[in-house]
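Some structures to go through are shown next.
Here chain A shows up in two complexes: once beside chain B, once beside chain C.
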Partner chain A sequence: MSDTSTAPKKSGGIRDLGKMFGGTSSAGRQFGILGALIVIIVLFQVLTGGKTLDPNNLINIINGNAYVLVLAVGMVMVIVAGHIDLSVGSVAAFVGIVVAQSMFIWNVPWPVAMVIGLALGAIVGAWQGWWVAYMGVPAFIVTLAGMLFFRGANQFVGNSTTIPVPRDFTFIGGGFLPDPDLGIPFNVPTLILGLLVAAAVVWQEVRLRRNQRRMGAESAPVWVSGVKVGVLLAVVVFATYLFASGRVGTSYPIAGIILGVLVLGYSFLTNNTTIGRHVYAVGGNWRAAELSGVNIRRVNFFVMANMSVLAAVAGMLWIARSVSSGPGDGVGWELDAIAAVFIGGAAVSGGIGTVAGSIVGGLVIAVLNNGLQLLSVGADLVQMIKGLVLLLAVGIDVYSKRQGRPSLIGRMTRRRTTGGDAGDAPQGTQTPTPSQGGAAETARPSDLTPQG
Partner chain B sequence: MSMKKFVVASASIAAVAALTLAGCSSRADTGNGGEEEAAGFAADATIGVALPDKTSENWVLAGDLFTNGLEEAGFTADVQYAPASNTVAEQQNQITSMVTNGAEVIIIGAKDGAQLSAQVEAARDAGATVIAYDRLILNTDAVDYYLAFDNFKVGELQGQALLDGLAAAYPDKDTYNIELFAGSPDDNNAGVFFDGAMSVLQPKIDDGTLTVVSGQTEFDQVVTQGWLAANAQSRMDTLLAGNYQGTDLDGVLSPNDTLARAIIESTRSAGKPLPVVTGQDSEVESVKSIVAGEQYMTIYKDTRALVAAAIDMVKELQAGDEPSGINNTEDYDNGVKVVPSYLLDPVVVTKENAADVYADDENLAPLTQG
Partner chain C sequence: MNAAAAAGPTILEMRSITKEFPGVKALENVNLTVHAGEIHAICGENGAGKSTLMKVLSGVYPFGTYEGDIVYNGEVVRFRDIKQSEHAGIVIIHQELALIPLLSITENIFLGNEPRNRIGAIDWIEAKRRAIELLARVGLQDDPDTLVKDIGVGKQQLVEIAKALNKSVKLLILDEPTAALNESDSQHLLDLLRGLKGRGITSIIISHKLNEIEAVSDSITILRDGKTIETLDVGAGGVDEDRIIRGMVGRTLENRFPERTSTPGEVFFEVRGWTVQHPLAADRLVAKGSSFTVRRGEVVGFAGLMGAGRTELAMSIFGRSYGTYVSGEIIKDGQVLNLRTVGDAIDAGLAYVSEDRKALGLNLLDDIKSSVVAAKLGKIARAGVVDKVAEHNISEEYRKSLRIKTPTVDEGVNKLSGGNQQKVVLARWMFTDPDLLILDEPTRGIDVGAKTEIYGIIRDLAAQGKGVIMISSELPELLGVSDRIYTIFEGAITSEIAAKDADPETLLRGMTSDRTTSKKVTQR
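Moving on, here comes the complex of A and B:
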């Protein structure tokens, strides 16, 4: 059980709950962006009379924003490494038009077209990565040039017209899992998916406690773990129920599954692999990282190339959703992705940020957008509100860091004892996992262990 | 574990479990899955209107007219404009929001008619009727009706007016130098206007009466991306510099007023004499220009008539009837089906008849006096 010398006082049951979120005082102030997401969802649920959490509306939110969230997954690594990528929208549009043309005009079967799209993304990424990593041109310039170049290339290839996409391809952007009629009023594959996620959540917590016991580290009391798992399970169950009870024929959308796989994969990559750790090291202090033996050129090349591949994925998700590729695609997507990443807690100077955080940030913008549209607020006001939200979100995060207390996201990603959960339910449940972050702004060379 | 902690723990888990199970109902059967049945719908139903932008006065006027007209007819109006950036994505989201809000009829002025197929089909599946307003929605069978002014006729009127204007302005010439402009390639209407105009002008080009000095006569050579004035102005600058150093430009086919004014500005700054320029939309600045003798003609497509026709269609659908104004069921093939269309007639306006045509338009009538 808990080591009594470091456990809170016996009567501090509620304080243990606060410890779950990483703060020993006023957990409210530390609630950060995740709390903001929950507040926004509840607010719009009330304002729209229950339509925000309508299953079909949630499906629309996922389908309508999957492409931006995929971009945010790649963008967070770029920003953590200390760079920026302004070309993602243009690259996505360029890959989109090439894939659309290949299927529509040259009659390439869609799996081959997907491979072509990914390969094209990799080539573009290698090109931009080479300029940034090996030629040393700042990423801002390389990707600004890329933005202009690929915007033009998109119009050159497509002749500025709209090219339709065959229907068998569109399932990745707007399709659903099969909906067999088994007599129960829910979509069965979604229920199975929810069950798997719930099982993963429980197993993660069990494994975490087992590891802690084995290492002799301090664990939170069992009941805290129980409550945490309980809350996460409740969220997973609720989300599963919502997604499974949409219109007949719908389920948790395939675009959401693709997004989920990417989020899980990249969370694992950034938290548990060497290359992920190197990305954070380069972002935190690249000179120190270089002296520690990190191959910074390879790291920079990797993040830039990876971003373009994800931009290709986003481009394909978009043309699948729109059933065509148009000349206006991709304009402004980079800014949406960057906003999502910063709202999710990344630092402008690099070194801080998580995949899960940027997904939460992206969902904040998505739910905000959706809620305002349900309320028929004009698009001009929506833009103004989005701008203010971005400013406030980052401002509050910077302010709370300045007070000496790291942000919630930073806390969650730092603590080994109460973190470690990788279950990712669609509505942005936190995935606090140990990684460099939080207040460790000045990374001591070769000391990458998180501060306790 | 102490009793207190146990109580707190189990109470919180129980509360959370209760929340999730509360309101467990059977599968939401939202919408009637495309019942074809003209059973009509409630008189205070939500009607969604998705407009593409505010760049042309027409759309701004249309938005206001829809809001007022629908509310007067007793419906709940949900009128939304797509923003200037990321327009197509936001328009898609606006349409799905209208479906979520339970709109029975969705009237769409598409920004890009070929990129809305999935959303329009989702609207149809939820039981809404989809009306394509002014711009045809392509590549899907989920569009129920198309309501617009006869755009092919607009093109024909523009072509004919150009010929008439050239004959009037240069009575002693029998061959004329012209240039051609078309609208944005992602707007289906741009092609229709151009085809209509060329149906009148091509025979004259073939028999030598008209010469396009730059040689640019194909649609994709003459398009103006995004219907932007800046693009038309820079293309005109290039054409003048490249082809008209020693030659005269007599006339320009311009698909709308915004581009016409940009073209006139370009000729003015190049120091060239004013050519005969066509237009469309009856925008305030162009009406002034016509009355002052600069732009030659425009087309009057009374937005009020179009909006009124749309609202009439909505009322008929509400009563459960088929719209009565459908007058063309052959021409508008959107790639998957021929969409039943309700076409209104456009009116040519030149300096001579401007006062009559605009007599009961409160914005434009004063401009034609004096």
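Moving on, here comes the complex of A and C:
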């Protein structure tokens, strides 16, 4: 005990920066991956002779990856809860074709079509969530079935053809903020947006310090906060400058705004709300969560249903950008989203992972993709490199965890001898959650046949 | 026959065995002498070191990790693993059976020991022939192709013995073999042990069921606190349950329980005729018509051996979190409660601190502050948004009042020692502001200093007028902390004793047999 009491007393700038990404235990790795992202950006900026941080390229990166990042936001919650969703690509394609069809063939106005798309995502999610949460079928199986079913449904609805999307609708995937000509070489709405973000950064830090005071906790010295805010503001100003100085008619893209709103909303949800806490509790130790009164079925239902709604959003972003919906949409998206989440620091066994981390993980893949394309590297090599990056990111984490052990050996051995490795068990037995609960709640003796 | 067996040659001698774990001496100079062809029982309370001794003997703890000598058949042996001890004819059957449920009886018997034919493949014909032979020896008529999951626990136990016989066992060690068995299965198993004895197989049996030990064993070695107390020769006469209990308990109570003047109020919580089935086996009842009461400001002890159904009783009351409800009612403050989920139970003012802190109590990935508020997050949330300042300040208060040793409440719970983790769990349930706290082995696996602190917390809770149920395997602790104690045996409450009238002997009697003991106090 004496050894723990001395260690991490300091809550300096770097630790606080790590805290931007939420969780305590995984913050280090997410901080690491943020560093990796910066290194990759700088590397490609040099290698491509400045093409990476060109405004139009940045807009491309955002528009071309918004759908994967939206999926990653939902996927991180699924993975934290200890599940997986393989169906997101097919669900996105299915929703996409229905939305496209409703506008193109039935002449539904685009706002209504969007609502239809979201509702359809919710229905699909409720269907899959019911199987996972209440029937106790592992999410891997449910969503593998969904992957097949909704891929087929896409082709059934669209007759295996490509359906165009009306012009009005495409702004969400490829559109920009208005660009009034005020005589300055910048896009004014983007500048305003940048100003808002900058204000939010400052306000966030002020609020953090105020809360720390109310907690009676020691705040970092003012200069640390100052440096932190300064660095963040520099990033915001630079990004604002880049996005505002692009080709005439362009601005920070609409898809990026949708993504930003979702990221903020879901970060808040996972960090600050009871349902968010419950997701982590179920993923960390579902039996302990159950004995603390958490309704684990409702949590499982929620994460699965929510994922499909976000898949619907991703599907609509995609058809808006590609101006049509086709039978090949969304193939392999689930793997991109899952890779983003794991590169972003989530644990395979559940309980660990953050929205912000997953977005950074997704951006690592996106920038890598983009940079390699700018360097005219072939798709074959790009895939190989992406595979290695995923393996390395998780491999380095696993390795450093194992290396970290000796320094903690005192604590580790004490725990091992008193409690064995019981702590590992609940993670291993994650999947049978609902079936377990089902057996326990059966009240009628007649239902009680041993089911293994 | 006993005299003859006891006079047989010595097959095993364990000399001054000492086994230490970091911070704990599990065994200290333990001596054990077993004669060939006898059934030798080892008795002791939970944690007396019985299983540790058997693990030393069978090579689970290899040579070099303990001190002392093992002399087997006249030779000093140094087993490095189980394979070596099995090779020498020593086979241990653990309490948790090591059978693979989805393999057949034959496959299980020969697992890791498969007969081969000329080309090196498994000779299933030979295996099956031998399996039928072995099953006949243990008195099992089942088809050897039956899957192990489809036969009852009693028969599984016999398959384990058949597996041991296949390894040409000379010394068979059974750890709590009848703990999970019903009466007739137990009887069959004991008969089988007697039969094996007739064929020259020596057995060592660890059991909490003293009536069975008395009936089957030739000699009994008693362990207490990791030391050998005595070896009784059953054949010489004068050995009965009371005699064994005296040997098992015989220690003085240390003065490590906080002084308290208890003034229990009126009965506010009552359970009547509580009957619950095992979640998977409908024919097994884990609670058999249990009834008990709790008064305000009272600490009620539940005494029972492991597997007696204490935890099952508590968890089934706590929102049916274990087993399948059959019948019975819960009455609190004069109202019958229908607690179908853990959430219901928490809302009704119940709290349950699990005996298995790591598997059932804590999310080890979480930090202290969110662990503290986890069971009643709604209390500090508005419209589903958690007030993080309140979360921090509340857990900070508990850190101070319960003296949780940590620099900050932002620390992960996995960094805490067992005692401090337990305080976090207690804080979590105190935060739900319960009227009744059920503490299941609240001091398991924590050091003596922290234990005393936990006792202090229990005392304070009772002083606030809360009812506390304490389940414990440690009798001194029960006697030192409770006002009133119920004993539980095989899922039934067997006696109710005021703590001031109770002593370890009377408790152990209630914990080891279903005959209702004297000294029953009426509480209504």
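Here is the rule we use: the second predicted complex is superposed on the first by the 371 of 452 C-alpha atoms of A that agree within 3 Å, B and C clash if a C-alpha of one lies under 4 Å from a C-alpha of the other, contacts with A are read in each partner's own complex, and residues count from 1 in each chain.
What we mean here is this: contacts are C-beta pairs under 8 Å (C-beta built on N, C-alpha and C of every residue); 3 or more make two chains touch, one makes a residue touch a chain.
What you are looking at is a predicted structure, and each value in this text was computed from that prediction instead of being measured.
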Chain B versus chain C as contact partner of A:Asn159, first or second or both or neither: first
Chain B versus chain C as contact partner of A:Ser292, first or second or both or neither: second
Contacts of A:Gly326 with chain B and chain C, given as first, second, both or neither: first
First (chain B), second (chain C), both or neither touched by A:Asn107: neither
Footprint overlap on chain A, comparing chain B with chain C: none
Footprint of chain A on chain C - complex, ascending: 21-24, 101, 149, 277, 279-282, 318-326, 340-343, 345-346, 352, 354, 356-367, 370, 374-378, 381, 384-386, 388-389, 392-393, 396, 405-408, 410-412, 414-418, 420, 428, 445-446
Chain B residues touching chain A - in the complex, by the definition given at the top: 1-2, 4-6, 8-9, 12-13, 16-17, 19-20, 24-31, 33, 78-83, 85-90, 92-94, 96-97, 99-101, 111-112, 114-118, 125-126, 138-140, 185-186, 220, 223, 225-226, 335
Residue numbers on chain A that touch chain B, as the complex places them: 10, 13-14, 51, 54-57, 60, 64, 155, 159-162, 164, 170, 173-174, 185-186, 221-223, 226-227, 230-231, 234, 237-238, 241, 245-249, 318, 321-324, 326-329, 331-333, 336, 369-370, 373-374, 376, 378-380, 382-383
Chain A to chain C touching residues, read off their complex: 1, 4-9, 24-25, 211, 214-217, 272-275, 277-278, 280-281, 284-285, 287-295, 351-352, 411, 413-415, 417-419, 422-423, 425-426, 439-443, 445, 448-452
